[in-house]
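Next come two complexes built around chain A: one with chain B, the other with chain C.
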Partner chain A sequence: MTLLLIYIALLATIWALTAWLSTRIRSRDGMAARKTVTFGDESAIRPSRVASVASVAVVFLIWAAFTGSSWTFIHAPADWQMRPIWLPPPENVWFRLLDIAANGYRNFTLWEHLSISIWRVFTGFFFGALIGIPLGFAMGLNSFLRGWFDPIVEFMRPVPPLALIPLVIIWYGIDEKAKIILLFLAALWIMAIAARSGVAGVKLSKVHAAYSLGASKWQLLRHVIMPNALPDIFTGARVAMGVCWGTVVAAELVAAEKGAGFTIMVASRFMQTDIVLMGIILIGVIGYSIDVAMRMLERWLVPWKGRG
Partner chain B sequence: MADLKIEAVSMTFSLPNGSTIEALKDISLEIAQGELVSVLGPSGCGKTTLLNILAGFLAPTGGQIRLGKTEVTGPDRARGMVFQQGALFEWMSVAKNVGFGPRMAGRPRAEIDARVEGLLQSVGLQGFGDKAVYELSGGMQQRVALARCLANDPDVILMDEPLGALDALTREKMQGLVLKLWKETGKTIVLITHSVEEALLLGERLIVMAPRPGRIHAEYRLPFAARGVGEDLRMVKRLPEFGERRDEILSMIWEMEEEIMGKAEAPV
Partner chain C sequence: MRLRRLTATTAAALMLSGTAALAVDEITVAYFLEWPTPNQFAQAEELYDEALGVRVNWRAFETGVQMSAAMAGGAVQIAFSQGVPPFVVASSAGLDIELVGVAVTYDDNDNCVVHESEGITAENALELEGKRVAVPLGTAAHYGMLRQMEHFGVDTTTMSIVDLSPADGAAAISRGDVAMACGWGGGLRRMLDYGNVLLTGAEKRALGIRIFDVVSVESNFAAENPELVARFLRVTDDMNSRFATDREAMLPVIADAAGMDMDGTVATIDGFGFPLIEEQLGAEWMGGGLQEFIKTVADFFVAQGTIDSALDSYEGVVNISYMEAAADM
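Presenting the complex of A and B:
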C-alpha cells in the first residue's frame, strides 16, 4: 500500500517536472506541438521517451531502495526493508546472472537453458505453422473442408494450451517430444485461424481481376491468395509466438530437466529468489525480443500490410 | 469478327429469405468489335451484374453471351476487367502488375519486359515500373489497371466505374486517356459509369438502363467520342448538342429516380 503511494507520488512528480521542462525548452517544435487539440486526438499521442526511461528507472529505484541495495543512496527506513529471501537487491540478481552465465546452473550453461526453451518454441511453432497454414487455407477455399474442420478449430481455439499439459504428459511423458507437441498444439489453431481469415480477406475484385487476366486456380492461389493472406498470417505468427513462449515456460515449470522455466522452478524450491528474479527478467526480455524481431520481419517481408 | 452478343439475358437473384430480385430482365444487345459503349443508369439497375455476366463471373439465369462464335461460360483472357479501385496486387511492383497476364501465360521474359515498357509509356507512367502500387495516387493506380488489362491484349475491355473514385480534374485527364487508348488499340470497350457527362463523352453508343427489373430503357448513338479523340474534352463539352443531350438524359434519369423514390415511399 505504502509502495503504491510512493510509486504514484514519483509518477506525479516526474510528470509535473517533464511537463514544466517541456513548456520551457521545447516550446516550438514539430507539427504535434502546433496542434491545439491533443486530448482525444490519438494521432497526437506519442509515447514520451522521457516517461519510458523514467518509468524503468523508478521501478529499479524502488526495488533498490527497499532492498538495501548498495547501488542507491536513497534507502527506505530499516523496518520497511525486504529480506533478500523475499526480494534480493538488484545487484544480487546481476551478479547471480554473471555467475550463472560463467558457471552454469544445474549441469547446464545459462545459454543451454535459454536456447533449449527458444528451440522448443521455434520447433513447435514451425510444425504448428506447417500444418496450420495449409489447414487454414483449405478452410478458406473449400466449403466441405470448412464445415469439417470448423467445429474442431472453434472448439480447440478457446482451450488454453496449459490445460493440455496433463494430457500431453499422460500420452507422451515428459520428454522433448511432449513439449514440442504441446507447443505445436498451441500454435496450430492460431495459425489455422489466421490463415483462414487471410484467405477470407481477399477482395473479390482482385480474384476476378486475376481470373480475367488468365490466371489458373493454382496461379491464383500462388500469386494472389497467398501473398494477400501474408499480413494476417504474420499477425497470427506474432500471437502464436507469444503464446508458445508463455506455454513453454509453464510446461518447463511442470516437467523438464533444463530450460528457462525449469531454472526458476528449481530455484524457487531452494528459495534462491535471486535466480528466480533473474529467470523472470530473462524470460521477459526474450519474449519481448521475439516480438520485436517478428515485427521487424513483418515490416521487411510484407511492406504492403494495411495499404490495400 | 469478335462481336459481343448479349442474347436475352436475365438474372434473377434468390435471396435467403425466399424472395427474388430481378436484377436483369431480357437484355439483348449487340456490340460490334471496336465499339465503345457506355452504360448509364441509377444505382441498383443491374449494371454491375451485367458486367459480371459479360466477364463470365456470373452465369445468367436466362439467355447467353457470345463473343464471336464462342459462348461465354467463365472468365478468361479474352475479356479484361478494369475495376473502380483496389484490384491491383499491392505485393507486386507496378511493372509486375502490368506484366501479370503475360507472365501467367508463360510468355518469355524479354517479351513481357518490352510490352510492359511500351504500355507504361502509353498510359504516361514511364519510369514508374519499380514503384510499389500503394505509393501511387488513385489516378496513377487506374493507369496501372488500364495497362495491366491491355497487356493481355483482350478482345473486350469491361470497365465498372473505372474513374468513379477519382477527383474531377484527374477524372477529366483519365477520360482523355481512355479515349486515346481506345483509338490506339481498337478494342471493344464496355464502360459503366454513373456520370452522364462521362457517358456522353466516351460512348459512341450510350445505353441507359432502368431498374426493377433491370432493363434497357433507351439507346443513343453519339458523335462525341469520335470527336473527342486527341482533342480537349472541354471543347466537346461546350458544344450545344452536347448540352442538349446531357439535359435530356439527366431529366430522364431524374424521372427514373423520382419513380423509384415514389415506389419506395408509397404506402403498402
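Presenting the complex of A and C:
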C-alpha cells in the first residue's frame, strides 16, 4: 500500500520534472509541434524515452531500497525490508546469473537452458506456420474447404495449449516431440486465422484489375493475394510467437530436464528465489527481443504494410 | 483506473490487517489427498474442531513446497504430512517453520522402479548410468533416489533426470519413455506393474535412508497458541492408537476423506507406520535421531548443490515442547 503511494509519488515527481525540462528544450517536431492541443489526439502521442528509462530505473530503485541492496544508498526502514527468501536484492540475482552462466544449473549451462527453449519455440512455430498458412489460404479461397475446416479451427482456437499438456504427455510421451507438438498446436490456429483474414482483406479492385490484365489463377495468388496477405500474416506471426513463448515456459514446468521454465520450476522447489527472479527476467527479456526482432523483420520484408 | 486500483489495494490491506488483529477462531491445516492417515477420521468427523475449540479448515495441497509457502504467507498454520525435503529446504532457507511431530513413516511406500526390459537389479545397478529417470524433484522420492544411486556408486550427472510427478512418472515408465521412475502412493503401485525395485524398504532403512512425513507449524502461530498445537497432536495420536483396534469402522471414513477407493486406501495405509507419542519422544525420533537425520539430509542437499547452505544444527527448528505437552494431556 505504502509502496504504491511511493511509486505514484515518484511517478508524479519525475513527470513534473521532465515536463518542466521539456518546456526549456523544445523537442517536438513535424506535425505534432504545430498542434496547440494534443490531449485526446492519439497520433500526437509518442512514448517518451526519458519516461521509459526513468520507469525502469524507478522499479530497480524501489526493488533495491526494499531489499537492503548494497547498490543503493537509499534504504527503506528496517522493518519494511523484504527478506531475501521473499525478494532477494538485485545484486544477488545478478551474481546468481554470473554464477549460472559460468557453472550451469542442474547439469546444463545457462545457454543450454535458454537455447533449448528458443529452439522449441522456433521449431513449433515453423511447423505451425508451414501448415497454418496454406490452411488459412485454402479456407480463404475455397467454399468447401472453408466449411470443412471452419468448425475445427474455431473449436481449437480458444482451447489454451496448456490444457492439452496432459493429453500430449499420454499420447506422445515426454520427448522433445511432445513439446514441439504442443507449440505447433499453439501456433497453428493463430497462423491459419491470420492467413484467412489476410486473404479476406485483399481489395476486390486489385483482384479484378489483375484478372482484366489477363492474370492466371497462379499469378493472381503469387502476385496479388500473397503480398497483400503478408501484413496480416506477420501480425499473426507476432501473436503466435508470443503465445508460443508463453506456452514453452509453461510446458517446461512438466516433464522437462532443461529449459527456461524448468529452471524456474526447480528453483522454486528449493526456495532459490534469486534463480526464480533471474529466470523471470531472462524470459521477459527474450520474449521482448523476439517481438522486437519480428517487428524489424516485418518492416524489412513487408515495407508496403498499411499502404495498400 | 488508478483510483480504482488504489481503493482495491486499500480494501485488501484492511482485510489483511483485520484478520491479523482478531483472536484465533479458526485455523487452516494443509494435507495431501490420496494420502490416507487415521487422523482423517477425526478430520471427517470434525473431532479436531471439538478438541481445539476453533474451526479447523482442511486445505489439500499438491506439494510440500507449496505448504511451506502457504505457512510463510500466513494462509496455513499447520501442515500435516509435509515431506522431509521440503521442510529441510524451507527451514534451511530461513522460513519461520518448526517441526513438531512425525506424521507417517513409509519406507515401503516410496521407492524407485526400474523398467523390466532393462534387467537391472541391485547387482548391476551401475548400468543405470546414462539412462533417463523420472523423479519428482525436491521430494522425498528425489532424496531417496539420490541416496540409492550414491550407495550403488552411480554418477547421477550422467543420467538425464526428468521432473515428473509420480502419476506422470508411472505413465512414462509404462510407455517405456524412462528406464527408471521414482514416486510414492498410487503412482508407485502402478510403476511396480512395469518393473522392479532396487532396494526394499528394509534395505533402505539399513542404509540410513528413512522416509517419513512430518507435522510442521508456522513458528509464530505455534508460539502464540501452544495449546492448540498440543491438542492437535493429541487428537492425531488418539486416532493413531484407535486405528490399531477400530480399523474396520474407520477405514471407509478415511477412504472417503482421502478421495480414494477402499482397495487403494487399504494398500496404501498398510505401507504406512504411525509412531505414537511415546515412540516419537524416544531417541530414534525427537529424542535426537530426527534432528540428526534432518541435518544429514540438509548436508546431502548442500553437497549435491541443490541448496546453498544448511543450518549448523536443526535442533532449533525441531520443537518437542508441543509433543511433550500433548503427552501430558
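The definition used in the following text is that the second predicted complex is superposed on the first by the 298 of 308 C-alpha atoms of A that agree within 3 Å, B and C clash if a C-alpha of one lies under 4 Å from a C-alpha of the other, contacts with A are read in each partner's own complex, and residues count from 1 in each chain.
Criterion: contacts are C-beta pairs under 8 Å (C-beta built on N, C-alpha and C of every residue); 3 or more make two chains touch, one makes a residue touch a chain.
Keep in mind that what you see is a predicted model, and the values were worked out from it rather than measured.
> If we overlay the two complexes on their shared chain A, which of chain B and chain C does A:Met271 touch? Say first, second, both or neither.
second
> I'd like to know which partner A:Gln219 touches here: chain B for first, chain C for second, both or neither.
After superposing on A, A:Gln219 lies in contact with chain B but is clear of chain C.
> Mind working out whether A:Val254 is in touch with chain B, chain C, both or neither, as first, second, both or neither?
Only chain C is touched by A:Val254; chain B is not.
> What is the contact status of A:Asn92 with respect to chain B (first) and chain C (second): first, second, both, or neither?
After superposition on chain A, A:Asn92 lies in contact with neither partner.
> Which partner does A:Ile170 reach: the first (chain B), the second (chain C), both, or neither?
second
> With the two structures laid over each other on chain A, which partner does A:Phe262 touch: chain B (first), chain C (second), both, or neither?
It touches chain C, and chain B stays clear.
> Name the residues of chain A shared by its contacts with chain B and its contacts with chain C.
none
> Help me check something: in the complex, which residues belonging to chain A touch chain B?
Against chain B, the touching part of chain A is residues 203, 205-206, 208-216, 219, 223-224, 227-228, 230, 302-304, 307-308.
> State the interface residues of chain B toward chain A in the complex, per the touch definition above.
Touch residues, chain B against chain A: 52, 55-57, 74-77, 79-81, 83-84, 86-91, 100-101, 104-105, 132, 134, 148-149, 152, 154, 158.
> Which part of chain A faces chain C closely enough to touch in the complex?
Residues of chain A touching chain C: 1, 4, 8, 83-85, 106-107, 169-170, 173-175, 254-257, 262, 265-266, 268-272.
> Quick one: in the complex, what on chain C touches chain A?
2, 5-6, 9-10, 13, 63, 65, 68, 72, 86, 89-90, 93-95, 134, 137-138, 157, 160-164, 168, 171-172, 175, 177-178, 301, 306-308
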